[in-house]
Amino acid sequence: MLEQLKEEVYAANMELPAADLVKFTWGNVSGIDREKGLFVIKPSGVDYADLTPDAMVVVNLQGEIVEGELNPSSDTPTHVVLYNAFPDIGGIVHTHAPWSVAFAQAGIDIPVSGTTQADTFYGDIPVTKQLTTAEIDGAYEEETGNVIVQTFKDRQLDPNQMGAVLVNDHGPFTWGKTPHDAVYNAVVLEEVAKMTYHTLQLNPHNIRVPQHLLDKHFLRKHGAGAYYGQK
Amino acid sequence: MLEQLKEEVYAANMELPAADLVKFTWGNVSGIDREKGLFVIKPSGVDYADLTPDAMVVVNLQGEIVEGELNPSSDTPTHVVLYNAFPDIGGIVHTHAPWSVAFAQAGIDIPVSGTTQADTFYGDIPVTKQLTTAEIDGAYEEETGNVIVQTFKDRQLDPNQMGAVLVNDHGPFTWGKTPHDAVYNAVVLEEVAKMTYHTLQLNPHNIRVPQHLLDKHFLRKHGAGAYYGQK
Amino acid sequence: MLEQLKEEVYAANMELPAADLVKFTWGNVSGIDREKGLFVIKPSGVDYADLTPDAMVVVNLQGEIVEGELNPSSDTPTHVVLYNAFPDIGGIVHTHAPWSVAFAQAGIDIPVSGTTQADTFYGDIPVTKQLTTAEIDGAYEEETGNVIVQTFKDRQLDPNQMGAVLVNDHGPFTWGKTPHDAVYNAVVLEEVAKMTYHTLQLNPHNIRVPQHLLDKHFLRKHGAGAYYGQK
Amino acid sequence: MLEQLKEEVYAANMELPAADLVKFTWGNVSGIDREKGLFVIKPSGVDYADLTPDAMVVVNLQGEIVEGELNPSSDTPTHVVLYNAFPDIGGIVHTHAPWSVAFAQAGIDIPVSGTTQADTFYGDIPVTKQLTTAEIDGAYEEETGNVIVQTFKDRQLDPNQMGAVLVNDHGPFTWGKTPHDAVYNAVVLEEVAKMTYHTLQLNPHNIRVPQHLLDKHFLRKHGAGAYYGQK
């Protein structure tokens, strides 16, 4: 069942330790088959070295396990919310990558301070509000998804142009058209978090790029007028 | 004698350079057989490349060498104190890992600023008071153990929920149910020290997570209601 | 056509990931044949792992593609401007290396604070002014080259003695007598950006070296009186 | 001639890139035969990959080349001064390791802030005064040695207990009983520079360890009462 997607999600999961984004089991990737309404996700707490495509768990958009002998990632309810709310995304990544986490713990956005971020993310990377006590005590992982979606609504962000968020007190989630694209965004996020941390120490004022430069860089890589690469 | 434990302690020692936590011989791991009241520890000042399971030294809970041709780690008296005071722990690690040491040298706790720390440590990682001149001039390594134990008493910390401490002016000790668990805690400690250092530079105020989030994350991985992983 | 130069430019491009200066496809190297008035440059958006000497694109000094099946780097118009304005340079590099980018995003020069920088760069590494909206909306990549050239004119810098620049809000360009020399300068730039970032955090005042030390170090490696190495 | 010493100095030079202390050719190690009054040093500007024991240059304590086809390191006159002034040392290292350079460029000592430094260096790592214009324009590399020696005299430091110095605006020199020991000290210096940089950002006040702790740690590893390791 969904053998090709399992291979793809497995490969994307294995990119995380290769890109130095995770320690131990601190990360997960999922990928969705939109036609079938099913997604494939890493099992919970399994070492990357022991992972196989067959170990992946199949889950439906109500969060029910459809296939798999292992428990899915404990973050599965967050993935369910995001797939339901953001209909164009095909893959989701969660990590505890340290530079991204530093901003999440500080509770501040990553301001778009240069073309590196502008090439991939159309603006500041948003941090969510903190979860309430009720949200934490309730369906915590589902509420984590809800607070992400609410952040995008409140700030009128387009998830197709902003493939990353920092959950306050926690860490990053990224997404993209495919599981691999979501990993790509996780790598870029970590790199721009590192760059911009140092920029803020050098110069805490007025580091955000002008809107025209943001438009130029994001749109030369994305959308109808893109001219980067071999397209 | 204790061949299996020696293998286990040897393997845990070798995890330290693999995890980039030590330079030269700056670290040691021990593991205890509670039934026999004996523990196994790395010999002093031996390069990791030259280490073998047979080189491990067996010590009793009075700090006497029971077996072994080499001197045990100079930190052995600290291990003795910790094994006697914390009856549930099965392994101990000491390193000079640089982010952990930065906090130890600064003499400040690592505040629990996100879920990464909360998943493993139930609160702030404590730093001990400085040793007195008398303690330094006396049985220094034993007094190092005593000041750790005193810190846990004074601050009413449970060593089973807080598997790490920073010895002021010195560096980290961690422990766990097994030698491997103690190494795991040393890796997590170093990672959260790095993350939280950067968080404090971005935002020095109010970065500690709410109690409910700490409870949620620590308890979903530890204790009766745990639901992380394949348990 | 230009087979040897293609090999040289290919090899210099492959030095970028080896020196940890690029992620994904975020960098490019070109090299010029001054007699023929043609330069060779990396194709746009191609993974380093898939690159071959044959994939390199040949461009003339009007920016027209002379040979090659792939699109050249989107930064090609910047290279054209620099080769035309700086007649002695033989190779150009662009990266998004993170320490260099941190200064570019902060919009501040890298002050010459020690002999490491003075050995290679004759003074502060300059940051350009920000591009205007008109420049961004117009021939953006060409204007990026123009703003670099204008910076060197305004500040009376000699491109043969200062082989690096930080484009504001963006990142570094470096150049040298050969493609390999340009990569060398990119590596040195990243290293001195890292060193001097930390120096500025330790001591923000008066860190620039005296002129006599700058002269001594730059000139013992460069120019008529050089006595470093096996010359 | 001095074949064994050449092997030893060659091996110590190769430790520098392995320990990530140098880029390109930015470092050199020498070692001395005190009976013969000759030392062996790396040739100038030769890549580590191309180095062989035979390429080492033999120099006497007047700084004259006694054997070798290549130019010795441009820092050779500094080594000459140090070997003459510090009669017990057997090896010298110079690098541009980035954390050490950050302090050298900032012109501040590395305060002894923990046991990691105290285990190897008996106090703060000193930074020299800046060289005068006359010193720079004169016999620059020799004057670099002189300013190191003057720093040790002025501050009444014992080179056998303080095997490192930071040359202002430049970078570190370290030494020890053997070339390998000098490299060991260079590695420790870089590690404590990194640790203490971060400590100073966390807590700029009162981070120096008490004298008793410094005495305890330095003396348990060095001198008559040492009890660390297998001695």
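As written, the chain order gives the labels A, B, C and D, with residue 1 at the start of each chain.
The rule is simple: a residue touches a chain if its C-beta (ideal position, glycine included) is under 8 Å from a C-beta of that chain, and two chains touch if they have at least 3 such contacts.
Given the structure is predicted, the values throughout are model-derived calculations rather than measurements.
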item: Label of the chain whose CA centroid is most distant from the centroid of chain B; value: C
item: Chain copies touching (chain A, chain B) - same or different residues, decided at half shared; value: different
item: Inter-chain centre distance, chain A versus chain B - centres from mean C-alpha coordinates, in Å; value: 33
item: Whole-Å gap separating chain A and chain D, where each centre is the average of the chain's CA atoms; value: 46
item: Contacts with two or more other chains, residues of chain A listed in rising order; value: 201
item: Contact graph of the chains (line, ring, star, complete, other); value: ring
item: Chain D - residues contacting chain C, complex; value: 23-26, 43-46, 70-71, 74, 96, 98-99, 101-108, 130-131, 133, 136-137, 140, 169-171, 197, 200-201
item: Residue ranges of chain C in contact with chain D within the complex; value: 113-116, 184, 187-188, 191, 194-196, 198-199, 201-203, 207, 209-210, 212-213, 216, 220, 227-230
